[in-house]
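Following this line, the structures themselves.
Two complexes, one shared chain (subunit A), two partners (subunit B, subunit C).
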Partner chain A sequence: MFKAAINAELLRDAIAALAVIVDEVRFKIKPEGISVKAVDPANVAMGIFELGSSAFEEYSADESEIGVDLNKIMDLLGIADKSDTVRMELEESNHKLLIDVGGLSYTLSLLDPSTIRAEPRVPQLELPAKVVLNGADLRRAVKAAEKISDHLLMGVSEDTFYMEAKGDTDQVRLEMGRDQLIDLKAGEACSLFSLDYLTDIVKPTNKVNEVTLSLGKDFPIFIDFEIANGAGRISYLLAPRIESD
Partner chain B sequence: MGTDIGDLLQKRKVEFSDLANQVVAIDAFNTLHQFLSIIRQRDGNPLVDSAGRVTSHLSGLLYRTASLVEVGIKPLFVFDGKPPALKSETLNKRKEVRESSREKWENAKAVGDLESAYRYAQASSKVNQEIIEDSKYLLSAMGIPFVQAPCEGEAQAAHMVLKKDANCVASQDYDSFLFGAPVVVRNLAVTGKRKLPGKNIYVDVEAEIIELDETLQALEITREQLIDIAICVGTDYNKGLEKVGPKTALKLIKKHGDIYAVLREKRAEIEAVDRIREIFLNPDVTDNYEIKWGKPDSEKLLEFLCEKHDFSVDRVEKAAERLKAASGARQKTLDQWF
Partner chain C sequence: MTSFKEFSETCQAIEKISSTIDTTNRVADLLKKVDIEELPIATHFIMSEIFPAWSGKQLGIGTSLLYVALSRASGMAVKSIESLIRTTGDIGDTALLILKEKRKNQVTFSSFLEEQPELSVTEVYKRFKIASEASGKGSQDIKIKNLQFLFNSSTPREAKYISRLALEELRIGVGEGVVRDAIAKAFSVPADVVEHAFMVTNDLGIVAATAKAGGTEALQRLGIEINRPIKMMLSQISPDIDADIREMGEAAIEWKFDGARVQIHKAGNSVTLFSRKLENVTNSLPDLVEIVRKHVKAESAILDGEAVAVDENGKPRAFQEILKRFRRKYDVEEKALGIPIQLNLFDIMYLDGKTLIDLPLIERRKALESCVERSTEDSKSICVDKQVITGDLDVIKQIYMEALEAGHEGLMVKNPNSFYSPGKRGKNWLKKKPLMETLDLVVVGAEWGFGRRANLIGSYTVACYDPETDRFLQVGKVGTGLTDDQLKELTEMLSGLMEGGEAGGVFAIRPKIVLEIAFEEIQKSPNYNSGFALRFPRFIRIRDDKDPEEADTIQRIGKVYSQQLKRM
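For the complex of A and B:
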């Protein structure tokens, strides 16, 4: 059983953050909320997504798992008004999700979860450096980097967090000291990331006050932030690019 | 060339992108031979520079390798060393074929029969010492590593996969399996539209991957038995049994167990059968090699290809660009942190 109501904009932002990684996901529905873990087809980025029941206006659910085509949900939420309430109800018998929004009633055919890639394990990584910064700052650095390169170096050097992109001829660097950051745990960290992925990942952070980056040297990065006014959370794990030896 | 056991193997189509991040040990001779026979002008003449030197192999090495590197494949080339003594008959025969093809090619060209000219020209191509030296020089300038095998290149390539220094062997021949290669990719260097030999038909050649274990399981035989089947059919080191193709050979070996029993049963003889098995089972290989991918040296490439061999500066520069872009940082996948 699953029956819930949620603000349309909130749901759209949450789904959009997930759609960065994959098109089809398995939603794990539990009494305390919904969660998803998914890896992109190239095995480069992982998204770990939690949306607690308190993010919903109404929420009641047993444990179940459904397979969803995120593009379809994004399409129908695209038509909805920001302030609309989305009402969802699972019809387990025929694998359909009934969605009511803005006076429209959708019947969404669900995917067989077994046809979607299984939930990945989340690797346990010891990441020496941690940076907490404003989402808009991160987005700005990524946007600047995009103009001249296809990858971005992120690192911590003493008490400074830096992001640097080098193109064939030009380069851009953004340095942030402790006073410009919300928090900093210094440690040896310097890794290069593909902007193909970063650009999409940081898109939703524009509206986010606090983004936490956990970094290492030539290691994957964790990018965490809250969604749905603190009732949910998304973490991205992105594999680095490494200079070939 | 090699052994004709292709019909017995379990092949799967593979996309270049599926091989991303994989180290592929390429059978250099085999690949150069492919380039020399495929990369030709319409009348069958290979590409040549203004001094009349053949450049088909250089063209193939540069542009094909650049495409591989571009999708994240890490190629390395393995060159043949001294062939085993038992191969001399095969090598002599190949030489004969080449020489008679060359004659026929000249004749066909003289009478204006382009189709035959092309066919004979293909059969007359030879990988000579100059071609090998030029290829090695070009690979160095491209930043692509190569390994000199003490004996058969395919054996060395298989050895490197078994040692986990490479993920698979790339060769057109099936002999790699006899040398124990767990995974072989075919058509890697020749994917795309290709003319069928001897026919005016073009086909799409796709890369395919073959796994030794899968094949052995499907056929319900051991690698040793696969070697025995190859010996029945004929290898580079022996003539096969009369009227025995791969399917018959499979039946015979499965029924009788090994080559010795088959020979007894058929009252046939294959010279030096022990030594042939030994070549496949314990090939002469080396652990003395270094594999390192570097950045391409654009200056060297331009000097060698454009100044010496009349390649187009524009195209060489573009290929160097592609190699350079791929030689930098590589995207890792999350798997290695699990």
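For the complex of A and C:
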């Protein structure tokens, strides 16, 4: 059993944040909320998504798992008004999700969860440095880097967080000291990331006030932020580019 | 689980071997080690196939997509990869080089797990399958990311073979013949039983798994199945057809139609049509489907025939006209009215649950006649090809003249007691055509034109096929006989197939396109790696109904050469 109602904009932002990683996901539905763990086809970017029941206007659910094509949901939420309420109800017997929004009733065919890539194992990492900054600042740095290169170096040096992109001829560097950051935990950190991925991942952070980055040396980066006024959370994990032996 | 490492080690070993026997042994060793569930995959992979040829499934990974995936995996710019390919001339060697180099390669999360999973052949297959099935919005990205996964989850040496597999060219010279013998050796079953099982299933993956599971007995139980097309039996040109007829005593004589071969699978009301290359062409030919539904009175059957495009007077139209219809995907109905088709049936391989290929031709003929309805209002649209059994050379000559007069190619001379041998070209089916030698050859190289043709590919290096080594051997260059439109068409077809270095406007082409080439004579020549050269080669037409492996072979070139010597 799954029956819920939620604000359309909130749901759209949450789904959009997941859709940058994968097209098809397994939603885990539990009495306390919904969660997803998904990895992109290249095994380079991961998305961990949690949306607690308090993010919903109404919520009641047993444990179940459903397979969803995110593009389809995005399409139908694209038509909805920001202030609309989305009502969802699972028809377990015939694998359909009934969605009512803005006076439209959709019957969405669900995917067989077993046909979707299984939940990834999340590597256990100890990342020494931590940076908390405004999402718009992060997005701006990535946008600047994109113009010059296809990769971005991110690191912490003493009390400074830096992002640096080098192209064939040009380079761009952004440094942020403690005073420009919301928080900083210094530690040895310097890793290179592909902008093909970063560009997509930082898109949803634009509206977010506090984004937490956890970094190491030649280690994946954790990009972590709250959604739905603290009732939900999205974490991205992105594997670095490393000089091979 | 078989690791892809095991597979790539086999490829690597084979690459260094020149003898067919050693190659066969090495393939047999691999097949023996592979689990039964993975055996179909490994069997197809070693032949540079992802999916069995009969399935009609295309991998659909082009070179440019592969370069992007390699670029993302390695961090090397696409432009640099392209220029590297120009020096190495091979995608596999290029992949090996750039992934081996010390550069900031993308890594996957597997690098940060305690135990790193080994890439299996099944995983490689799964990723290729996902890539091939991706369609619509975002499909390019899915293809690229799945390839990127493979490159980042493998060693550079494995990546070499993954990239070659992605283009379905391992370049290790392992073809059906080697795999057939390797299956026999690996599972201790007779080669002729393997061969027969291959003929009825058209899938060496199934054959290998069946041989492993149940040996000879299980192989013998394999039969033809509806909608799994079998290879077509082929005919050859006889140097002395009169002698062959005398040897047969009596021969079954049929017209050789100037049309396109079709294999028809009927199960109840469902009709599926396959082209000579075993592509599913059902949707292009709705009128043919209707005719078969109406006039073939069998619950299930597999039939062999020739579809001929006819004009208002029922005369055959040019061969190209029928091919146009085969390629047609849109406005099919309209086209059907424009170019009516006549179906001439001449063989049956399966009827109501029974495989018939091991019956003599005369028996099959009876079965065919029993299930095709004749003399109806649209009887012109379907018929069982007229067949005369005779040993009288004068009568045969008479029929030959009639066929030519009716606008067809010539005669088929068949041994009345012969079986249907899928994929075989032998003495049981001979063809007699007016003497104007042509060869079907594969384009392996090209050169930009000059002057007025500067933006077109103006000259083509053509090659014959060597089935023993699965290689293409050059026999000459063709630059005449082409209209501007044909040049344009060929330039378009070839531009996606260029590979390797362009030096002075000359570049290599992936062997995909077959041309029919006329010539005056064949000479011995040190200039081409076949050892032969065509004198005055002339373009006749594009044979897009033929696969490169169906091109004329080096053996046939040798035969034509020695016949020439006799004539002089």
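Please note the rule applied: the second predicted complex is superposed on the first by the 243 of 245 C-alpha atoms of A that agree within 3 Å, B and C clash if a C-alpha of one lies under 4 Å from a C-alpha of the other, contacts with A are read in each partner's own complex, and residues count from 1 in each chain.
By definition in this document, contacts are C-beta pairs under 8 Å (C-beta built on N, C-alpha and C of every residue); 3 or more make two chains touch, one makes a residue touch a chain.
Bear in mind the structure is a predicted one, so any value in this text is a computation, not a measurement.
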item: Fit or clash between subunit C and subunit B when superposed on subunit A; value: clash
item: Contacts of A:71 with subunit B and subunit C, given as first, second, both or neither; value: second
item: Which of subunit B and subunit C A:41 touches, first, second, both or neither; value: second
item: Contacts of A:23 with subunit B and subunit C, given as first, second, both or neither; value: second
item: Subunit B versus subunit C as contact partner of A:243, first or second or both or neither; value: both
item: Which of subunit B and subunit C A:135 touches, first, second, both or neither; value: neither
item: First (subunit B), second (subunit C), both or neither touched by A:155; value: neither
item: Partner chain(s) touched by A:204 [first = subunit B, second = subunit C, both, neither]; value: neither
item: Colliding stretch - subunit B into subunit C, listed as 78-86, 258-266, 276-284 or 330-338; value: 330-338
item: Subunit A residues contacted in one complex by subunit B, in the other by subunit C; value: 39, 42-44, 46, 120-121, 123, 125, 151, 192, 194, 219-220, 237, 239-245
item: Touch list for subunit C against partner subunit A, complex; value: 72, 75, 99-100, 102-113, 127, 130, 137-138, 142, 145-146, 148-149, 152-153
item: Subunit A residues touching subunit B - in the complex, by the definition given at the top; value: 39, 42-46, 120-121, 123, 125, 151, 192, 194, 219-220, 237, 239-245
item: Complex interface listing, subunit A residues touching subunit C; value: 23, 39-44, 46, 71, 120-121, 123, 125, 150-151, 192, 194, 196, 219-220, 237, 239-245
item: In the complex with subunit A, residue positions of subunit B that touch it; value: 74, 292-293, 327-338
